[in-house]
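To start, I am sharing the structure in question, which I have written as structure tokens.
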Amino acid sequence: MTIIPAIKKDYLINLAKNGKREDGRGFDDFRNIEIETGVVSKAEGSARVKIGNTQVLSGIKMDIGEPYPDTPETGVMTTAAELIPLASPDFEAGPPREDAIELARVVDRGIRESQLIEVEKLCIEPEEKVWMVFIDIHILDYDGNLFDAASLASLAALMTTNVPAKRFELGDDYPLPIKEPPISCTSVKFDNVVVMDPSLDEEEIAEVRLTVATDKNEDIRAMQKGLNGSFTRDEIKKVIKASIDNGKKIREQLYKSIGK
Amino acid sequence: MTIIPAIKKDYLINLAKNGKREDGRGFDDFRNIEIETGVVSKAEGSARVKIGNTQVLSGIKMDIGEPYPDTPETGVMTTAAELIPLASPDFEAGPPREDAIELARVVDRGIRESQLIEVEKLCIEPEEKVWMVFIDIHILDYDGNLFDAASLASLAALMTTNVPAKRFELGDDYPLPIKEPPISCTSVKFDNVVVMDPSLDEEEIAEVRLTVATDKNEDIRAMQKGLNGSFTRDEIKKVIKASIDNGKKIREQLYKSIGK
Amino acid sequence: MTIIPAIKKDYLINLAKNGKREDGRGFDDFRNIEIETGVVSKAEGSARVKIGNTQVLSGIKMDIGEPYPDTPETGVMTTAAELIPLASPDFEAGPPREDAIELARVVDRGIRESQLIEVEKLCIEPEEKVWMVFIDIHILDYDGNLFDAASLASLAALMTTNVPAKRFELGDDYPLPIKEPPISCTSVKFDNVVVMDPSLDEEEIAEVRLTVATDKNEDIRAMQKGLNGSFTRDEIKKVIKASIDNGKKIREQLYKSIGK
Amino acid sequence: MKSETKLFENGKRLDGRMPDELRKIKIKAGVLHRAEGSCYLEWGGNKVMVAVYGPREAIPRHTQNPLRAIVTARYNMAAFSVDDRKRPGPDRRSREISKVISEALENVILVEKFPRATIDVNIEVLDAEAGTRCAGLTAAAVALVDAGIPMKDIPVACAAGKIEDQIVLDLGKDEDNYGSADLPIAISPRTGNILLLQMDGHLTQEEFDKAFDLALKGCYIISDLQKQAILEKYQTKIGVE
Amino acid sequence: MKSETKLFENGKRLDGRMPDELRKIKIKAGVLHRAEGSCYLEWGGNKVMVAVYGPREAIPRHTQNPLRAIVTARYNMAAFSVDDRKRPGPDRRSREISKVISEALENVILVEKFPRATIDVNIEVLDAEAGTRCAGLTAAAVALVDAGIPMKDIPVACAAGKIEDQIVLDLGKDEDNYGSADLPIAISPRTGNILLLQMDGHLTQEEFDKAFDLALKGCYIISDLQKQAILEKYQTKIGVE
Amino acid sequence: MKSETKLFENGKRLDGRMPDELRKIKIKAGVLHRAEGSCYLEWGGNKVMVAVYGPREAIPRHTQNPLRAIVTARYNMAAFSVDDRKRPGPDRRSREISKVISEALENVILVEKFPRATIDVNIEVLDAEAGTRCAGLTAAAVALVDAGIPMKDIPVACAAGKIEDQIVLDLGKDEDNYGSADLPIAISPRTGNILLLQMDGHLTQEEFDKAFDLALKGCYIISDLQKQAILEKYQTKIGVE
């Protein structure tokens, strides 16, 4: 990523020592979030999410395909993320790099392992035909915290997806069957300060990152630590707590934005 | 491409100011064209075309495959071009570059959009089996104007192609059903002079290129502008006129060469 | 490969002039060979072979697939070799290079052309289902003479492979049907000396290489010359003779190691 | 391109347009935070986002031109922008479109001012109907202005085509599929010079002239929309709006 | 992760282990000739070989960091290490694992000592059961010591998980498939700092704490095995054994 | 290689040849305009075109050898050169053939004269029957002479093989498919040194000797054809013909 001048680093650390952040937020606060669904008419579902200046578009396409031999009666989902050069002067065209792969895999696992999509309801003909759900994440504007923006955009897109049954002559379209979504919240640590929802500047000086997805019962549904720094056990506990708190608010906004 | 010394550029421009070209041609003249068909015995059809020193070999292979779902009763054609390092010190081995892709796509569209091949006659079993036509263009010697050489070689190869029905136990071989071919003519402009059938030297100083394919009714069947220069409306009209005139002569030679 | 200091080259050549090799071997002698089978439990067959410090692991996986259209009643085998960066400071990650491709192809041909695997016994349903045999060669430690180590490990792995019929509900597992194995022996020449089973140091100064595979009847089953040096006819005769002699001993050890 | 579907009814086109009528076009400049210039454009059912970066040093070095900047347009379709999901990454079609757009833009950018530099124009098609290359080029031009890249002119693109033997402006989706010719052009509006020109299908010389005139007319209408979008951005910036 | 199969019988797990019991682990340092450091590790049904090369100049140059060494772990599964043959070469899963292991190792290696250098850690999974990332990281740490790379500590990894609503240590194959949560961690044993942490599945906050404690416990047991393996290699070398 | 088809009739081979008879060979030097040296060769049903470029600076730089030129032969089969269309681009077979041909040519070229340079030998198989590697190497040698590359000798290649237990020269298509051994060699005709040697199939030591002798004989016949082709080109050039 871009090299942040040492002077800016000092500035951010000094701010943090005084309990402040560049944009006036508290350590545990998210930036302003906007969620807009139905933004791409060709997609079966879509959502654009802004977290501060970060902007992510997630689009859902569905098709009919063969199930995996070991799960002959469940639908198939795949997640791809592209750090397209549109979004940052530092992203390059070409095959996905480690960063994009980790992003896609974390979002994918967040959806897959939480069984958000009821894939067992996506069987059309056992062993022959099942619905396939393609989640494609497009980063439009990168100003920090892609994990949460990508995850939230994908949730909003999936929760407003219509199964295009009519196009395949399988009756009327109907909403994609979805369970309760886990909400992903990401924190980073630098100079022994832990902050929620890092801006790009904060990401650039971050030593270690932790993403925690929690559900409405305050249970933990996924975690991913990143970067070469380390956390103490105590810091992890605090991050989990802050993730649950922010998760609650974001969940409310998500439901409101999709009209539920 | 190779860098032409400034001195040569001046020389060509000076010639042009006096109405002349390096090899003595008029502005609207093609170099000498040679067309030879049936040059590759393994191919279902093949032709080698020389335009001046430029030499292109096009080979046609046919196979049986599945039709596209949205056109279940029509055959499939694909065109590939390789700027193999044999043909020029500037061509490199490896995946096709923009130049080769544009070449293949322009030849492909010239054949596809003009409906040269009667693909609707290439159905064997609707939705199951159709004939597939592979056009492979091999550049052997690159001395300018690949578009017209590649297009002409592909036309001559297709017009002498035999559908290998016997090999697939589908009765006797028969000629590939073909309609009237559009003839592609390419012009370039440099220093406000427009010349037909550019040599390599002329291509290297060209600012803008225009390919026009016309049919025997003098209708326009395809156009492609290339390079970062621009044409005036008037220049385009003149290029179309010259393309029709040259197209007529080339069409005659093409029919003669394939014995029709 | 790595650059051997000129001083070491002189040392090896001087030794050779006095009929000696760095590690005390005669010109026609192999280093100590160890063969261990059944080293990977997930594989249908596996073997680790050490020749001196060179260490190669070959693993066999079997699956069910479609036969090739022109051989509808015979099984399919493929060989892949990876010069993984684990084995040498000079191996790089990424797609296989020329060296790995040549290695895989020579081992593959040695097995394929000698008809070691009775592929005609691997048909399950003509035109539909046959057994597929995947030979994957992992170089673990590279200290010269990969060809013979890879070939020997693959033979030992194949000769101890069980067809996993049960896993595919096709009755009981049974040993992969195998014929007499040809043994591959590799020699190199430097400064007009020809030595068998080159160490890494010897490979690095080698001018030319010859691999000869022979069977128990002392017939020749495969040959491959490598590098940009040349052999005289007489040298080739001597290499064949030495390969037959060493092949005999190695064959005995191979049979012993697999308990036959 | 086959004419099986009925594309006209009572002199109007399937979507109610007259033969010489454009689809609805909406242009907004300066919509992204990171990009040095950006533009969001809706054109009928097309939605296109463009971001411009540069001029900056071209890397790797061997791609540099010591005399001028290189202009690299990258046209990309989002996987979800079409009916059947598109595999991510460039295909032959998108690489050709990237090439012709790059060439058209290079013509108007003052590339000599920035030797060894690259100017990157990233065009993302988020929703695709017919005419994405014209939409992409038109949006790219606005994004370049927004980025402050010095240009001789603001290029603009539009297509005309033939459906049921009639020449019409700006083919829509079904018209593109069932029409019999498509002629996208891009021009430099100040000079009328032609920067992009492609034609597929079948046109008599007369029809070609008619289609060309119509496409030109479309270009000039859209050119005004481009300028308006740039003005709006500028006014917003200085607080006039 | 579904709970259909019975994973407990008489308080014992399918393979006879108690809930807080590790699978059998065998570690051997210095097993390869060419590598500068190496380790062979068996952990239940997992077999892992690790070779370390470096520090050496990073190539190509633009990958160099002028202030410190880069640590490049490359986790790779042999084609024959799994039930259904794996296509050779990296996939998305192995690239993610390579990334998190590289980051964990970088934390303890004194990378500032070797500017512009690379330290390459090649992890080959020869036989795979559940838990290869923990096995790979644990073996990599031993190989780094064997290579004489200066480190602040010897990192170690272990997982805990949940099966049939019970928290257990070190999931085995069927447990991984049918369990309902997996929590692999890696720590620096001297400080207890967490270097790697991933979680999939469903844990209440209480369960998370319990699983974390159990995984920590596993780490410290394995840490002793690592040290023992290093000692054995050292003793062999100086002829004590 | 199986012997099911009858390959001999009345002591003659399927195509009417005697056991020690070559297929028809036609060699023409200097057939391309751009290449620095070129050769077109027909050998039975094989048609091969070779172009030589260089010596020129090897790029990228890290491929340069400071002491000598590198020789890069690139053997490529046209998609239409075989019965079932071949996917364009190199496969494992063509990469191996490129390697052994490069090594054979490097042996005779005075590479020490051109440090840091590359000599590129592009071999295109336009029509393929059995024996394309021998055809390609033989044509490459002529193209190198045509390019004026200094060489110690003009290498030449030919194969012998076994069909129905008989040793024959220069296997044709069906013979290659149904024969039981193939032995392609390349030599430096002045010294008789062996530059390329591969063998597949099954030969007793006696049969090997016999096949080798026959292949050698073939090489010397073809060597004369090479020299004749070079002479013809030279005579044409100086206007003797």
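By written order: A, B, C, D, E and F. Residues from 1 in each chain.
Operating definition for what follows: a residue touches a chain if its C-beta (ideal position, glycine included) is under 8 Å from a C-beta of that chain, and two chains touch if they have at least 3 such contacts.
Just so we're clear, the structure is a prediction, and the values are computed from it rather than from any experiment.
For the pair chain C and chain F, there is no chain touching both partners.
Look at where the CA atoms of chain A average out and do the same for chain C: the two points lie 49 Å apart. Distance from the chain C centre to the chain D centre is 58 Å, each centre being the mean of its Cα atoms. Separating the centre of chain E from that of chain F, both taken as means of CA atoms, is a distance of 52 Å.
In chain D, no residue touches two or more other chains.
Taken as a contact graph, with one node per protein chain and an edge wherever two chains touch, the assembly forms a single closed ring in which every chain touches exactly two others. Neighbouring chains touch in a ring; in the direction leading from chain B to chain D, they appear as B, D, A, E, C, F. On the side of chain C, the complex with chain E involves touching residues 39-43, 46, 53, 55, 57, 59-61, 63, 80, 82, 84-89, 93, 95, 134, 136, 138, 140-143. Contact residues on chain E toward chain A in their complex (touch as defined above): 1, 92-93, 95-96, 98-100, 102-104, 106-107, 183, 188, 191-205, 208, 212. Within the complex formed with chain E, the chain A residues making contact are 98, 101-102, 104-105, 109, 113-114, 210, 217-233, 236, 240. Within the complex, the chain E residues that touch chain C are 32-35, 45, 47, 49-51, 53, 56, 74, 76, 78-85, 88-90, 120, 122, 124, 126-128.
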